[in-house]
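Shared chain: subunit A. Partners: subunit B in the first complex, subunit C in the second.
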Partner chain A sequence: MDVILAAAGDAFTWHALLAIVVGTWAGIIIGGLPGLGSVVGLTIFLPFTFGMDVITSMALLIGVYCGSVYGGSITAILINTPGTPQSAATTFDGYPMTQQGRVDEALGWATFASFFGGVLSCVLLIFCAPQLAKFAVNFGSVEVFALVCLAMLCIVGVSQGSTLKGLVCGMMGFFFSMVGSDPITGADRFTFGNYSLSAGLTLIPVVVGAFALSEVFVRFATRDDEAAKIPEARLRLPGLREIVRRGIELIRGSFIGSFVGALPGTGAAAAAFISYASAQKLSPRRANLGKGEPDGIIASESSNNAVTGSSFIPTLALGIPGDVVTAMMMGAMVIHGITPGVRLMADQAQTVYSLFVVLIIVNVAMLILSKPSIGLFRYLFKLPQGYVMGGIVMFSFIGAVSVRGNPLDLIVMALTGVLAYVLRRGGYPLAPLVIGMVLGPELESSLRRGLLISRGDFFAFFTHSGIASFLFVLIGLFVVWTLWSSFIQWRQHVNARADAVPSSGNRQ
Partner chain B sequence: MLASLIHPRVLTALMLLLAGAGLSISAWQGPADAMLVPRIVLTIWCAVAALVLIGECAKRLPREGGGLSPLPLLMAAVLVAAIAMASLGFLIPILPLVALTLWLFRIQRPLPLVLGTLIIGGGLWFLFHHVLLIRLPALLTSGLI
Partner chain C sequence: MTSIRTSGGTTRVASLTSLASLVAAALIGTSPSASAADTLDVVVPFAAGGATDIVARSFEPTFSQQLGVTSVVRNVAGASATVGTAEVANSEGNPNIIGYEPAGALTIQPSLKDLPYGPDSFTYICRTVSNPMFLMVSKSSDITSFQQLSDESQEQPFLYGSSGPGTLPHLAMAALTVNSDLKAQHVPYSGSGPAMNALAGNEIQIMADTETILENYDLRPLAVFAEHRVEGYPDVPTMQELGLPEMDFAVWQGVVAPKGISDERAQQYADACKATVESEKFKTFAEKAKAGIAYLGPDDFKAYVEQRVEANKQVLKDAGLTE
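What follows is the complex of A and B.
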């Protein structure tokens, strides 16, 4: 109890509260600008945190993260363009409500559902993360190796696009993490005689290049200068009676989001679509879904914001980030002296509980700040895109170089930006690259320690302990499931082509 | 046939395969202990990249519209600025880069271009370097610029 009170004291300082307000407000704005999203928001604000203490810096970044997930819903409702992929499902009912003149009501439901989902997932995080961390203390090198393999497979398996392309990107991420000195023998690897490379590559320049800089290149390649027309809108929060009437939808969406968010590799976009699909089956007003029904907005927004809290469960307790955003948050935590993993709850309990309190305050701040933010979008959409892109280039450079002051990081960032652009055009998912880079060192050290324990016998890993055996069985099942679903997709593709050939022949 | 083989997607897959193969050679020539995991990772990389390449070649990929784009110019400018910062400091390479970015994104009237460059490039540099004291690469040892 003393720890929790001390943690609350850390979170309720004036500078932490100011960071929450600034971060959340900026996150809402950045999330609402189509294409920018959470990673670009974090890229912009990361350099500001270097002079701050741990709690203030994390308050700023968590504010940006949660705010950006909510912000995407505003433009999804106003102009049928989701600011972030997480809010894509919100357009299904949000924009029809705008067309029907119910824009205030739609924004109100999106705001309240986001707040409800966010707070519920924080409560789950507070209860689940310590329990998971206690259980994870039983994990040795072999179990950690199996867990990292499983997490990586999940991320590759559910990443958008081809599984094989995701796997190549995952291996590329693993490789990036292996550049520099070998952690056990100290021998240089892949430095090619360049002394600067001995220190290895760090996560932030790679993420900034892969997501922020490549976004500038993609925007340039697909320029669209037409300004969107934003309708006049205000926020009308739902009344208590309406909330009670749709309470089941709110709770269901929040639980789906919390569950999906805790799984590696899924993320808020998947949670929103799963939740929307469940509303299509279970909502008493399902016949109206897609025609401007608040239940659709509730399903999407409560679940995507519930992910923000629950995605911290594996990140904090196991050191395994669920998606790119949490990987970047994890990188920021490491910079500020927090090392996520099984020892975190025991070693830095007060800091972790402070982060929990910060998450709850951020959700309250989001509710309060939503009203003044919505009016701003009318003016923001008139701003020429060039200024935003110029700012992103500038923040990319500042963010990359200020992590450790090594000019090599700038070259890494620039090259990663070009590489990421090429990969994006080729249909390669970038999330496995980043997650591979985060998990790479843990995978390598756990494998090599495990081999030392088992005297070089890799097959002994499978029978090392009950937990290890269980995890390897899960890996096997996941591989079989991925291969089977790929086979089914391939067969459908072949059948579709076979059906198409005679019909085109008939036309001739 | 040849036209489909020089499709950007095929070339990307080929580039990944060649990069993986080149790095594999380096890994197999290095010390066995330190290169154990990189060898496994790079072998999987090459095998999967080969499968991706076969898949891309087998697909009937639609032709992409050609035409000259100034995008490689922007990419080259970013790379040159990144390399130049080690010797010229942060401010001198970033100003032309920001100006080029604004110009390419059609902010081409002199006053908005100059003001935008000075505020985004110079203003943010001043904020981080001199106000927030987050030291960016500098030209002079005193750190003034």
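What follows is the complex of A and C.
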């Protein structure tokens, strides 16, 4: 108890609190600007931390991280352009709600779900980190492969209308992710002998091109000022009764996010898609998903923010950074002489506890700062549309190149933007392209590692472990369920048509 | 707090300039100028926050102070660090760019892939740090010696992890399996973290990596890939002591400049590097980060790189990774 009190004392110093406020607010803005995501935000702030003490620097970085994951949802809802890849799934229901004039409600749900997911994952981190870490260690290559297959199923759900078109885009994203170095042999592939392609296509330029740039093209091409008008964004947090009504969605999303975050190398974008896929099967309002249903926003935002807390689980319990972001945090710890690792929890209990306290304050700060941040975006989007769109294009280019400083990414982003515009015009959904890109590398490398481990026997995957068998059975059930429900729908459709023929014009 | 503000202020300017220079560089292409300017580009071929980046960022302030210039760390990541390294190599004659380089990009990748650079593309400045690699197994396993490991691998080959194909952990283990009776197969991961997770879950059984990894996780060292036993690990034998051919694998970092710079500039770099590595500030950092300071001057570093390139080429060939 003394340790916890001392830790809280460390976290409640005025410079730590200032770092939290500055970091969180900057994170929300950076996350909200299309192109600039968590990694860019942290890269900008990392050099600041060199002169600070360890708690203050952690507070700043955690603030930027959590803020940016939430901030991505603002632009996803307002202009159909996820500020970060983690919020791509938020566009599915967020933007339709905006089009229906329910923008305040959408932002409210995104804010509350982010807060809820963040806090719940902190609680899990504090009380169940060792247990969750132990469980996550059981997720070897085969189990991860099964989990990713499960997540891939959500391509079908977000394809809206044409499953075939969705699969085409999904495969395209999958193929994009294969350009570059082979993850197992290291050989270059699909580079056409061009050296600059050997670094591969990364997620950020593709996502920015597919969403932000193509959105700009679409808005200018339609020349429909009324439709292109960005509505005034205000925040209306959901009432208690609403929260209770959708409580189960919040809890499911947060748990999925917390769990996926605890697996090294999976990340918040994947968590959001997995959570959305589960909402498609389990939400009582699933029929409305994709048409402007708050449950969709909840699924996406609660899970991606839950990753922020739980990605510290492997870092703290095992010393293994779960993603790029936690790897950067570990780097910052090393600079301050704290060596992350299995003994971190025992050797540096006070620092670890202050980290927990900081995480919770950051989430509270996020909730408080959401209103002024959205106000700022409202102000920005009031500018003449030419400036807004011009600004989006500029930030897209800056964001694309600043991820890894490779000029190739600029070309990739521009070409993806054009391609995405053509695809949208042809009625192809873009989300599967991003899903393919996010999940493709993990799917491929886990499959191939699994085959190395099972010495080439794919059927051994199904009986590899209890977890693997369970996940594969779940996939089987999902497939059967989807086929069955589309069969029912088809039959209803046929019946309705048969009924509708005599009384013309009355379509279901 | 005032210290935060001042250091924050200057670094913000630095990161803004770096952002601006990034955009400018991307739009107009880097224009090499023949004369030494006041701004030095320090290319780190990994993403910000990684192990190499951390050392580079602690090295850079003292280094630029010694040179009397303003420097900017620029992370150019991708393709096993070769993209950033290629950028340094392509800036032939430019006296305002250096690369803070890892071992793999200089001595493994050129033999493995068709790259726009080779060992001749650089002016070698110095080696800064070097850490020998250990052969290690999980503490939960009952294997306590290399002999036991080798014996138990005869029935069913073990699996060894690495932080990626063509990385040092991969090469060290490939060399070991070629030169000993140990039977083990390679499973690459996307970094040391995921590989450690796999080791904790017993998906793989063996890993070769440095002291940092060894100390941070529950691992047991069986041997060290070095000429002599390592301080702090008196019980861990070298490969030669186990009756195997000499195998020397270390994770090191060094500074290179593009070729074609003036001898005068090269000498300035070399002096600044030596002074930086010997500075108290860098020493304190190295101790904290468990980076073993291992300075080599321009000529020694060049000879060392050439020797490592040849040795690694042989390993890649023996292990069937290249023809």
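Everything that follows uses one rule, which is that the second predicted complex is superposed on the first by the 276 of 508 C-alpha atoms of A that agree within 3 Å, B and C clash if a C-alpha of one lies under 4 Å from a C-alpha of the other, contacts with A are read in each partner's own complex, and residues count from 1 in each chain.
Keep in mind that, in the parts below, a residue touches a chain if its C-beta (ideal position, glycine included) is under 8 Å from a C-beta of that chain, and two chains touch if they have at least 3 such contacts.
None of the values given here were measured: they were computed from a predicted structure.
Peer 1: Return first, second, both or neither, reflecting whether A:G391 touches subunit B, subunit C, both chains, or no partner chain.
Peer 2: Touch status of A:G391: first partner only.
Peer 1: In the superposed arrangement, does A:L289 touch subunit B (first), subunit C (second), both or neither?
Peer 2: neither
Peer 1: Report for A:G140: first if it touches subunit B alone, second if subunit C alone, otherwise both or neither.
Peer 2: A:G140 sits against subunit C, while subunit B stays out of touch.
Peer 1: Touch check for A:I453: first (subunit B), second (subunit C), both, or neither?
Peer 2: second
Peer 1: Regarding the shared-chain residue A:M328, is it in contact with subunit B (first), subunit C (second), both, or neither?
Peer 2: The second partner, subunit C, only.
Peer 1: Look at A:P314 in the shared chain and tell me whether it touches subunit B only, subunit C only, both, or neither; answer first, second, both or neither.
Peer 2: second
Peer 1: Just checking: does A:V39 make contact with subunit B only, subunit C only, both, or neither of them? Give me first, second, both or neither.
Peer 2: second
Peer 1: Touching A:I126 in the superposition: subunit B (first), subunit C (second), both, neither?
Peer 2: Neither: A:I126 stays clear of subunit B and subunit C.
Peer 1: For A:V364, using the defined touch cut-off, is the partner it touches subunit B, subunit C, both, or neither? Pick first, second, both or neither.
Peer 2: The answer is neither, since A:V364 touches no partner chain.
Peer 1: Mind sorting out which residues of subunit A both subunit B and subunit C touch, each in its own complex?
Peer 2: Subunit A residues touching both partners: 47-48, 50-51, 182, 184-185, 187, 397-398, 401-402, 405, 407, 410.
Peer 1: Where on subunit A does subunit B make contact in their complex?
Peer 2: Its residues touching subunit B are 47-48, 50-51, 162, 164-165, 167-168, 171-172, 174-175, 178, 182, 184-185, 187, 189-190, 192, 213, 216-217, 219-221, 223, 225, 384-387, 389-391, 393-395, 397-398, 401-402, 405, 407, 410-411, 413-415, 417-418, 421-423, 425-428, 443-444, 447-448.
Peer 1: Given the complex with subunit A, which residues does subunit B contribute to the contact?
Peer 2: The contact residues of subunit B facing subunit A are 8-9, 12-13, 15-16, 20, 23, 26-27, 30-31, 33-38, 41-42, 44-45, 48-49, 51-52, 55, 69, 71, 74-75, 78-79, 81-83, 85-86, 90, 94, 97-98, 101-102, 104-107, 116-117, 120-121, 124, 128, 132-137.
Peer 1: Any idea which subunit C residues touch subunit A in the complex?
Peer 2: Against subunit A, the touching part of subunit C is residues 1, 3-4, 6-8, 11-12, 14-15, 19, 22-23, 25-26, 47-51, 53-54, 57-58, 74-80, 82-84, 86, 112-116, 159, 164-166, 185-191, 193-194, 196-198, 200-201, 203, 212, 215-218, 285, 288-290.
Peer 1: Provide the residue numbers of subunit A that touch subunit C in the complex, in ascending order.
Peer 2: 15, 39, 42-44, 46-48, 50-52, 56, 136-141, 180-188, 195-196, 198-200, 202, 264-265, 314, 318-322, 324, 327-332, 334-335, 337, 339-342, 397-398, 401-402, 404-407, 410, 445, 449, 452-453
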